[in-house]
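The next part holds the structures, each set out as structure tokens.
The following pair of complexes shares a single chain, subunit A, combined with subunit B in the former and subunit C in the latter.
On to the complex of A and B.
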């Protein structure tokens, strides 16, 4: 399927070579008309979704290829939903002349380009000077390889959010008011500041500022070894740390070309579905909190507690299990865990029925959450993924589209929404919880026997030591277990959407570049488009229905 | 039961002003109103306290207040970045006296894994911390213990760190 598409593409772009890689195709494009190329790819070859734009600094890279006379490289990740094909467009640049912006072709390109300016100082055409993740008085570009921290001690200074003079005059005449929500707010979870310009109670326009919890995880990845990165990946999500570490570990295993045993795969599926349930429950709880329905939040906290108990029994930690290692799982299930799990699953299933009674068929809840419509067209334009995409009626789930582990063999369904309202997003989530429970029961019924860790020099080294994740760079070199030098993009279906890792290895014990493709970073952009016209109360309902996670939003 | 004895003692032997002082402390210690700044798994565990299992309401903490003027317990979770620090300081300044501060999780205390250019590593010179709760994330039991420490200190008439003048502002 995908091969014919790539062949067609190769004929169309004739002088440019389309290389075949594991995930699809790769184009090395060294001309300036990038926006033209991407709009062709979008209209003619149906690469409708822009997954990510990221940059790479090649300064001082050891295994530099021959055609690298430039310093930076911009990489565009595209996705064809119909054929499940991914395309990577690599664009070399020396960082001096501004690159043609693609924000008119793909609307979510805007923040990605802004982030590249923030991190690398590479300008795109018609771009403002505002930083996205770092604070506004920050000096320097942190992801450059020669970055030296010069802004020590300086903090963010106040600045005008709506920079136009006009809005101030409008406010002075008493026609409109400006309301600031966040970042210290239960719904924005301490990371998003949102400013609304209101006409009465109606939102005229709004802006989001993010980055309040930006911890430069991608920079720290470059300083740590491949194995220590697992700990960092866990910090990406506060509700489902297992899923985010799984995405990283999965990518590194692809890089090493390492096959993990069946039992590890099955257990990873169990734990990742449990994490997904936690995340969805939390989202439903928060949705009910923001729509003034606080009782449900406590019910969700109670159900969440059950799963934390299971995690504690299996791993010793409630949330951050830290059991993923490269090559499998560091622990096997304790005796009696499966019976406990079945009991808790029954409990959760019973209580979902109660949630159904209280919410799904409640007219008040339907009317309250019947806001914030994201059409399927808009969802694709902004590159949504996960439950938010499926709530708009587009059937795309990585567990079905490109199945990893045993998702091919288990029987489950993908719930879809119709209208793309908050109510649809709620419905999709609550149905996904049911499907996840179904998956867990099926996997536990047919749990394969055997070891949890693959036999590989890498795992043998870390399995022998007791705190298996901590390893020095010398260990890698001494035991000759450094990965091959290549680029890899790997993604899994996390609770929020497609969580991907773009790993660049230069053949050493540390990653050269790690880019996290975080779903929340895309989701918040569509919100700014949807909110104008709604009333202020609905804004918070819309915000919580997208389940924006600060860890992966700010990274 | 012990408190009832103390009540008898005060009623019989001390002046009314002393008794009122004691009542004030008793009331303060049993109605701490927290405000949560920050995010991440530590904040997540703090929310777990309000569920039915840990039921923090029995200690007098009735929900999180998102108005700093009403709160007297500042809970800081997750790393304090340079970007959020001015807001954190603003929240702290608006809080009512006596104010207590908890640093929740090792990221909040000293940055944890995230030792880099984004971290405000000396924030506790500006916002004095009363109780540090280590762990990433700390378990709900240890958060409850931290809150009980503060409660004990209020009962014993200890001053919060914010009253000590050596702190640089």
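On to the complex of A and C.
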């Protein structure tokens, strides 16, 4: 990590101490002027991106630090793109007085603050009472530790966003009309409700209501042990569950300070690139479907099927590949898998050329997708990540910026768009598929030998040679080997963008708090800003080009 | 790597029409004369063959006499993330009640991993349908019937 930046920061903030941690720096800030501090950090030290805001309830926590005398703690995650440094600002609060809002400093702070109000009941200044993930008539704040569910579950009434609107159907009011799409996702991948106010065919105002597929994953995490949490993490993404479980497992391994063998790292790279291809293909297919090009969708589904076949052969299930365990992979590759993989890679490469011929530089396709411009300034303000950020011309990829596994040693390039249109996002994705194929071939060529599982008491069950004993199995079930009491933020480059896990452990077998930093949660905010002025058809194109996944959006 | 500039200039209509119709004609010919296989399967006649690793229905492992190897240690019930297993019985003996709810099972294979007696295993049976929820709830004797013998 860059010491000089943190040293400078320490001198600047002089009475406040900047602690050095694994991911960068940490500030414990117990005054009220949080928005002032963050705007200084943004303007003077170039912490341009707000990754996440999350809260923690300290009620009844074992091993709490001495200074944690308040009930709640709000944590701001900031990122400096230039130096690749992350900064964590921890703010203690009692939840009585409203906290100064940062939504004017960082535009994506708005939804994060709203989510904290929804989950913890902590107010920020000038904040409305809208809930984000829960229904409006929900009683209580679910992520508090003393929460008891009092809602009867029958909250079926749809909530209206625009005050003057009476019905959810199309209402004619003079020249303006209100159109409600959903709660079915426009491209049917989950449920997001979108409401548009139209002037003729142009969008004047628009709102998104999310939370229809809210599964309370962060709450359920607190009831599961560290090992069974992997299955929950897989529920985050419908197209690339391997990547979301990898993000979780990677974070837990950092928490346990556990090193996994080389072969497991290499295989994880192969599987994660395969999942990335699946996700990108699905996104391109949806993009073509929403712009009236059904043939391309079926071509993409065919290519996707090939990779599912590979997953089925290696892991035993087509989509939810539960092969990740804490400490490596539960299964090694079957015999003949690598040959199969190379045949399929060849097939995909051939067919990508065909996709290229049909779509890239086609006049109709370009006219249809040259909408929803996201400038690089806007992309940074809203904290976009992944292909959508790179399509706006900003070179930031976690695989290059802070390489994990062997991404340092393989040769690949990061494609960058120019204009930030949907067309750019399409081009970036097509090129990324090619680069992923390149990575897979390189890793498979130099696949290390050895075990897939680390030698650690946690993974004893997965060593095939050792005889199975009741006591080791019981240790595994009850998760008796506990991690140290620590907090950690770890992220990987998922298909959509930076998928991060902020884990807080109190030294017991269950997580104290798990916060998912989901890329879709920021992407949908920027979409809401871009849409006014466009026509309704373009909204669907924009929606699918950002690859908004309700699974990780609602969590 | 900044994307090439020519990617942003639309090709003219002529080359577009020719190149895309060529692709279509080419793939039609390849399909017609058997150079390329059809993507879909002719389902009831042809069937997809899954690999040996397929995670299907959890099955009980039975000995030669048709008895289960289970010793009622309850570990699989504790690890099951969806609580689809139910077990009652004395430790060390064959369980009195051991049921599986297939409508809840997510085929994660955790029960197979933790079982110290290797009494439960993930089978290959993936065509699991039923008209009612009760059909998908297997009690001990039904589950034994569906399990293959060792």
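The rule is simple: the second predicted complex is superposed on the first by the 519 of 555 C-alpha atoms of A that agree within 3 Å, B and C clash if a C-alpha of one lies under 4 Å from a C-alpha of the other, contacts with A are read in each partner's own complex, and residues count from 1 in each chain.
Keep in mind that, in the parts below, a contact is a pair of C-beta atoms (placed from the backbone, for glycine too) under 8 Å apart; a residue touches a chain by one contact, two chains touch by 3 or more.
Keep in mind that what you see is a predicted model, and the values were worked out from it rather than measured.
When the shared chain is aligned, subunit C comes close enough to touch A:354, but subunit B does not. In the superposition on chain A, A:519 makes contact with neither subunit B nor subunit C.
In the superposed model, A:386 lies in contact with neither subunit B nor subunit C. When the two complexes are overlaid on their common chain A, residue A:316 makes contact with subunit C while staying clear of subunit B.
In the superposed model, A:366 makes contact with subunit C only, not with subunit B.
Of the two partner chains, subunit C is the only one touched by A:476; subunit B is not. In the superposition on chain A, A:231 makes contact with both subunit B and subunit C.
In the superposition on chain A, A:328 makes contact with neither subunit B nor subunit C. When the two structures are aligned on the shared chain, A:414 is found in touch with subunit C, with no touch to subunit B. In the superposition on chain A, the residues of subunit A contacting both subunit B and subunit C are 231-232, 302, 305, 320. Within the complex, the subunit A residues that touch subunit B are 134-135, 138, 142, 147, 149, 151-152, 154-158, 183-186, 189-191, 211-217, 219-220, 231-232, 235, 238-239, 241, 298, 301-302, 304-305, 308, 318-320, 550-551. Per the touch definition, subunit A reaches subunit C in the complex via residues 224, 228, 231-232, 302, 305, 312-317, 320, 322, 330-331, 334, 354, 357-358, 360-363, 366, 413-419, 423-424, 427-428, 431, 461-462, 468-470, 473-474, 476-478.
Interface residues of subunit B facing subunit A in the complex, by the touch rule stated above, are 35-41, 43-45, 47-48, 50-53, 64, 66, 68, 77-79, 81-87, 91, 113-114, 116-120, 136-137, 139. Contacts from subunit C toward subunit A in the complex involve residues 1-3, 6-11, 13, 16, 19-20, 23, 27, 39, 50-55, 73, 75, 78-79, 81, 106-110, 113-116, 118, 122.
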